[in-house]
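In what follows, chain A forms one complex with chain B and a second complex with chain C.
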Partner chain A sequence: MADISINFAGIKSSNPYWLASAPPTNTGYQVQRAFEAGWGGAVWKTLGEPILNVTSRFGALHFNGQRVAGFNNIELISDRPLEVNLKEIYETKKMYPKHVIIASLMVEPTREKWHEIVKKVQDVGVDGIELNLGCPHGMSERGMGSAVGQHPDLVEMTTMYAKEAAEVPVITKLTPNITDIRETAKAAVRGGADAVSMINTINSLIGVDLDTWNPVPHVNGQGAHGGYCGPAVKPIALNMVGDCARNPEINIPISGIGGISTWQDTVEFMLMGAGGVQICTAAMHHGFRIIEDLTEGLSNYLDEKGIDSLSDIIGASVRKYTDWSDLDLNHKVVARINNDICINCNKCHIACEDTSHQCIDMLTDENGSDYLKVREDDCVGCNLCSIVCPVDGAIDMIDLTPTEPPMSWNNRQAAIQMLQKADS
Partner chain B sequence: MSNYEDFIKEKQVIDELVKQNYVIKNIQGTLEGDVVKFEKLGNTAARKSIRLTNPDSRKYVTTLLIKGK
Partner chain C sequence: MSDLLKSLISGGPKGFEEAKPSFNSQEALDEANRCLYCYEAPCITACPTGIDIPSFIKKIASGNMKGSATTIMEANPVGASCGRVCPTEELCEGACVLNHSTKPIPIGDLQRYATDWAIKNEQVLFKAGKSNGKHIAIVGSGPAGLSAARELARLGYEVTIFEAKSEAGGLDTFGIVPFRLPKDISLWEVEQVEKLGVTIRTNMEVGKDISADELLEKYDAVVLAIGMSKVPMLGIEGEELAGVYDAIDLVERTKNGIYEKEFIGKRVAVIGAGNTAIDGATTSVRLGAENVKILYRRTEKEMTAYDFEYEFAKQDGVEFRWLTNPKRLISDENGHVKQMECVRMELQATESDGRPRPVEIAGSEFLMDVDIVVKAIGQTRHMKMIESFGLEHIGGVVKVDEESFITSNPNVYAAGDVIFGKGIGEAMVVTAAQQGKETALSIHQRFKEYTAEQV
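Moving on, here comes the complex of A and B:
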């Protein structure tokens, strides 16, 4: 059986699954339930000066029958006194010494404030500290959370403050509400972070009620932007993890967060460079027991692949993730319709005809039966037909045997520039 | 005309020039496509210019360039 334990920035965990800092990790009771269920670790709901919350707090995007495709919240950090949280962290760590507890922290960006809280949480035995520089709602209006995380200089400074007082690893949690997350990740590295985690939630408004015209969720008829998470944000998070993992200046571990709901999502994040993952929305949707499927599925996957240790897959796909300008312009993929599986719904034909490159013909065979056929010479390999096809296996995207050597945009431009130089 | 037929038409022009010992001397990207200037080997006065509008032709001509044609 494969070893699914991780060593993340020096923090050992029996599996890669940590609950993210959020409502599921609000109390010792909840974290203890999670550990009993099998979670490897928990990032405690963010500690700071206790806040006041509103009702209601959550909203969800249900899409075409899938509940909670996306999730939005306007809840703030812990509303409980620090002392109460510290007592419960201490008790939980005593009860579960082999489980990981990370304290998520958010205070004003001053050296004194960070030193004070770092020392306090450290004294109760946390395994690490996560700096919440990403929460996009409420706290950001007070100069904390993403208000700090959107400025590389403040990220660097805050990380440095925490590191000055920390004896345990410091993980800087980054906001996706920024043009280029690599800049703040690099700032965290400069500040001395032992790791970064990403992504925090994305600025969002889940919807507007068509009858009352109230924003969703609303508080007495008014709404404010919240933080978006859940399966819908996974591609955004995965890109940010991959972009940081392949950047040589960001040479510290990455904790992957953002829409991870299954063991398959976990594998994808780890292949793209995450050293472990954090989960919230899936646990809120289905409960802590999802950890059983997560660990079992991951373990079975590794066994089936003949991989002894989860650590062997970390970053294995990073070298395959590059800039568009380095992709091979001469690579050719075409669609092929398997007419024995195709149900002739014509969705591919309509999609191609209306919105792509008009290369799927509707034909009639000698028996008078309709069938669809791709004109491969005209097919640009966009994948749209296979994406809209409702039947698995009805359309394959085929890699054609290369007829020309690989040539990227960068190769092409370099060759043209050399030519122009010689011609001038 | 299909995109592929368009490509074949422009490719034939390129291949014919290469066959006649013309080599690529310059490629200039414009809003209307790539303007490709050819010069005959051993006869610098013999020049031809074509404009490639098809994306596959524009890939093809630079592939030839990289291959040293």
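Moving on, here comes the complex of A and C:
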């Protein structure tokens, strides 16, 4: 059995799965249930000055009969007294000394406030601290959360304040509601962060009720933007993790967050540079018991691949994630349809005909049977047909034998410049 | 309370309510979302009326129920009935591409779900066209007649339907067992057509209450959509005895809420193995018969009942006696059937219709104790009426031009079972509906130049 434990910025965890700071980690009762179920760690719901919450709070995006493709919330940080949370953290850590408890913190961006709260949580035995500089709703209107996280200077300063008082690792949690997350990640590095975690939720409005015309969710007929998460945000998070992982200036561990629902998602995030992952929506959808498949599936995957330790895959795909201008312009793939597997739904044909390159023909053979065929000369290898195809194996994307040596846009521009220099 | 609901909770013996439960909204959504929304979908081609099935299913998924019902009813004016009675395994569902990967979409059930919505919500889905001054008479208000009427009304024709029975709808209203097709479904389809301004004159038997000549004289064209008639005579001794029923009559009576008491605890023999025989047998079971046997002179392989009907009958406990033919019915002292003399058969070389010929095995006669005999060996033709119009026909099958549905009289069109002959296509409700539509279009082809001038 493969070793799926991690050492994330010096924090040892029996598996890479931590519950993200969110409703599932609101109380000691919940975190203890999660640890019993098998979660490696929990990032406690954000602590700060006491706040008030509203009802209702959550909304979800359902897609073609599948519930919770995306999820949004307007709940704020913990609305329980700080002392109660600290007491429960202490008790829980005592009961589960080998499990990871991270305190998520959010206070006003002053040195005193940060020193004070960092010390308080350290005193009750947390394994690390996560700075919530990303919450996009409510708290940001009071100059906290993403109001801090959107300014690299404030990210650096806040991280520094926390680090000044911290004896345990400090993880700076970043907001995706920003043009380029690498800028705030670099600021966290400058502030001395031991790690970054990403992404926090994305500004969102889930929907509008067609009968009442109220926003969803609504509070007495009115709504406010919330934070978006769940499976639909995974690609956004994965790109941000990959972009930070491949940036040499961001040389600290990354905790991956955003739509992770399965062990496959976990593998992808870790291949793209995450040192561990945090999960919330999937647990909110199905309960803590999902941890069984998350750990078992991951372990079986590693065994199947002959990999002894999960740590070995961290960042293994990062070097494959690059800029468009480094991609090989001379590489050609084409679609090929396996007619013995194809069920003739013609979805590839109409997708290609209407919206791509018009190269899949609907034909009839000598026995009068319908079949589909790609005109490979006209195929640009876009993948659309294989994406819309409902049957696994019916369409393969085939690598053609290259006729030219690899050449990227950058290579090409460099060659042109050289030629121009030679001419002049 | 809707009429549909009323009919579901009305009295009568157990089992005459619709046998198959309808989808709830979650089942409908799950199945609708499973549809691939194929392009040039084979299910559309397999539907005789060419319903745009992926479209109506997509509309269920999106919650556009009115649009979904409209897509169905647009292509098939008796689409609510067809969702229930079509042999979908042989048509749309049989063609579903998912047969090759998982399991087909339950298209019939989804069609029923969408049309039920329209029924429950009292929707009127279509409008009559601007009047063009042409008058068309339609004889018969079954699937073919109703379809022709609906399409003609939408094209601006003034349509009068002449129906011999007290209610319209023909086979759908009276001829299909209520536990597969409740009467109210068919009557809703009738009502949809009436709301387009079509006049339906019930209790009007052509040849008795009005003559064929009068119709030919008063209307610009006549559509003959009179279907077929009663079960033919078996031609054996004892056929007139009490306890001998015509399966079509029997079904019609249950559709009218008349449940024969005589069947309770009795032994019933149904003669024949087509759709009507299955209906006769399953109706007998519901009327309380203790034992129901279907006797067929050929075998399981040759019977014309659909697989799903065969399954349905077997689940009802109906027994099948293949290669068995009745020779005479034997009376008790009160003139009621008490026994049937049967003979065993064997199959020989094929007949003209492609089916093997059944031949008696000499000396194999035996007696079977029966209390009731239900005849279901096919249907006779309305010969007198066909002849009153002076139409060419072969054994009651009216000859038409395949494209135009014009009979030997250029002012008379014919569609539905009245043109259905042995070995040509299938006598399905959905085929009749399509022929009705095509007949309307053919009539319009003929008159549209004239009507265009009028408009």
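Criterion: the second predicted complex is superposed on the first by the 423 of 424 C-alpha atoms of A that agree within 3 Å, B and C clash if a C-alpha of one lies under 4 Å from a C-alpha of the other, contacts with A are read in each partner's own complex, and residues count from 1 in each chain.
Here is the rule we go by: a residue touches a chain if its C-beta (ideal position, glycine included) is under 8 Å from a C-beta of that chain, and two chains touch if they have at least 3 such contacts.
Predicted model only: the values in this text are computed from it and were never measured.
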Are chain B and chain C a fit on chain A, or do they clash, once the structures share the same frame? fit
A:G368 in the overlay: touching chain B, chain C, both, or neither? Say first, second, both or neither. neither
May I ask you to decide whether A:G65 touches chain B, chain C, both, or neither, giving the answer as first, second, both or neither? second
Is A:N346 touching the first partner chain B, the second partner chain C, both, or neither of them? second
Applying the document's definition of touch, where does A:I416 land relative to chain B and chain C: first, second, both, or neither? first
Once the shared chain is lined up, is A:G306 touching chain B (first), chain C (second), both, or neither of them? neither
Chain A residues in contact: does chain B have more, or chain C? B
Report the closest approach of chain B and chain C over their C-alpha atoms in the superposed model, as a whole number of Å. 24
Which positions of chain A sit in both the chain B and the chain C interface? none
Can you list the residues on chain A that touch chain B in the complex? 329-330, 357, 359, 375, 377-378, 380, 404-405, 407, 411-412, 415-416, 419-420, 423
In the complex, the residues of chain C that touch chain A are 29-30, 32-33, 36-42, 61, 97-98, 100-101
In the complex, the residues of chain A that touch chain C are 64-65, 343-347, 349-350, 362, 390-391
Interfacial residue positions of chain B with respect to chain A in the complex: 2-4, 24-29, 37, 59-60, 62-63, 65-67
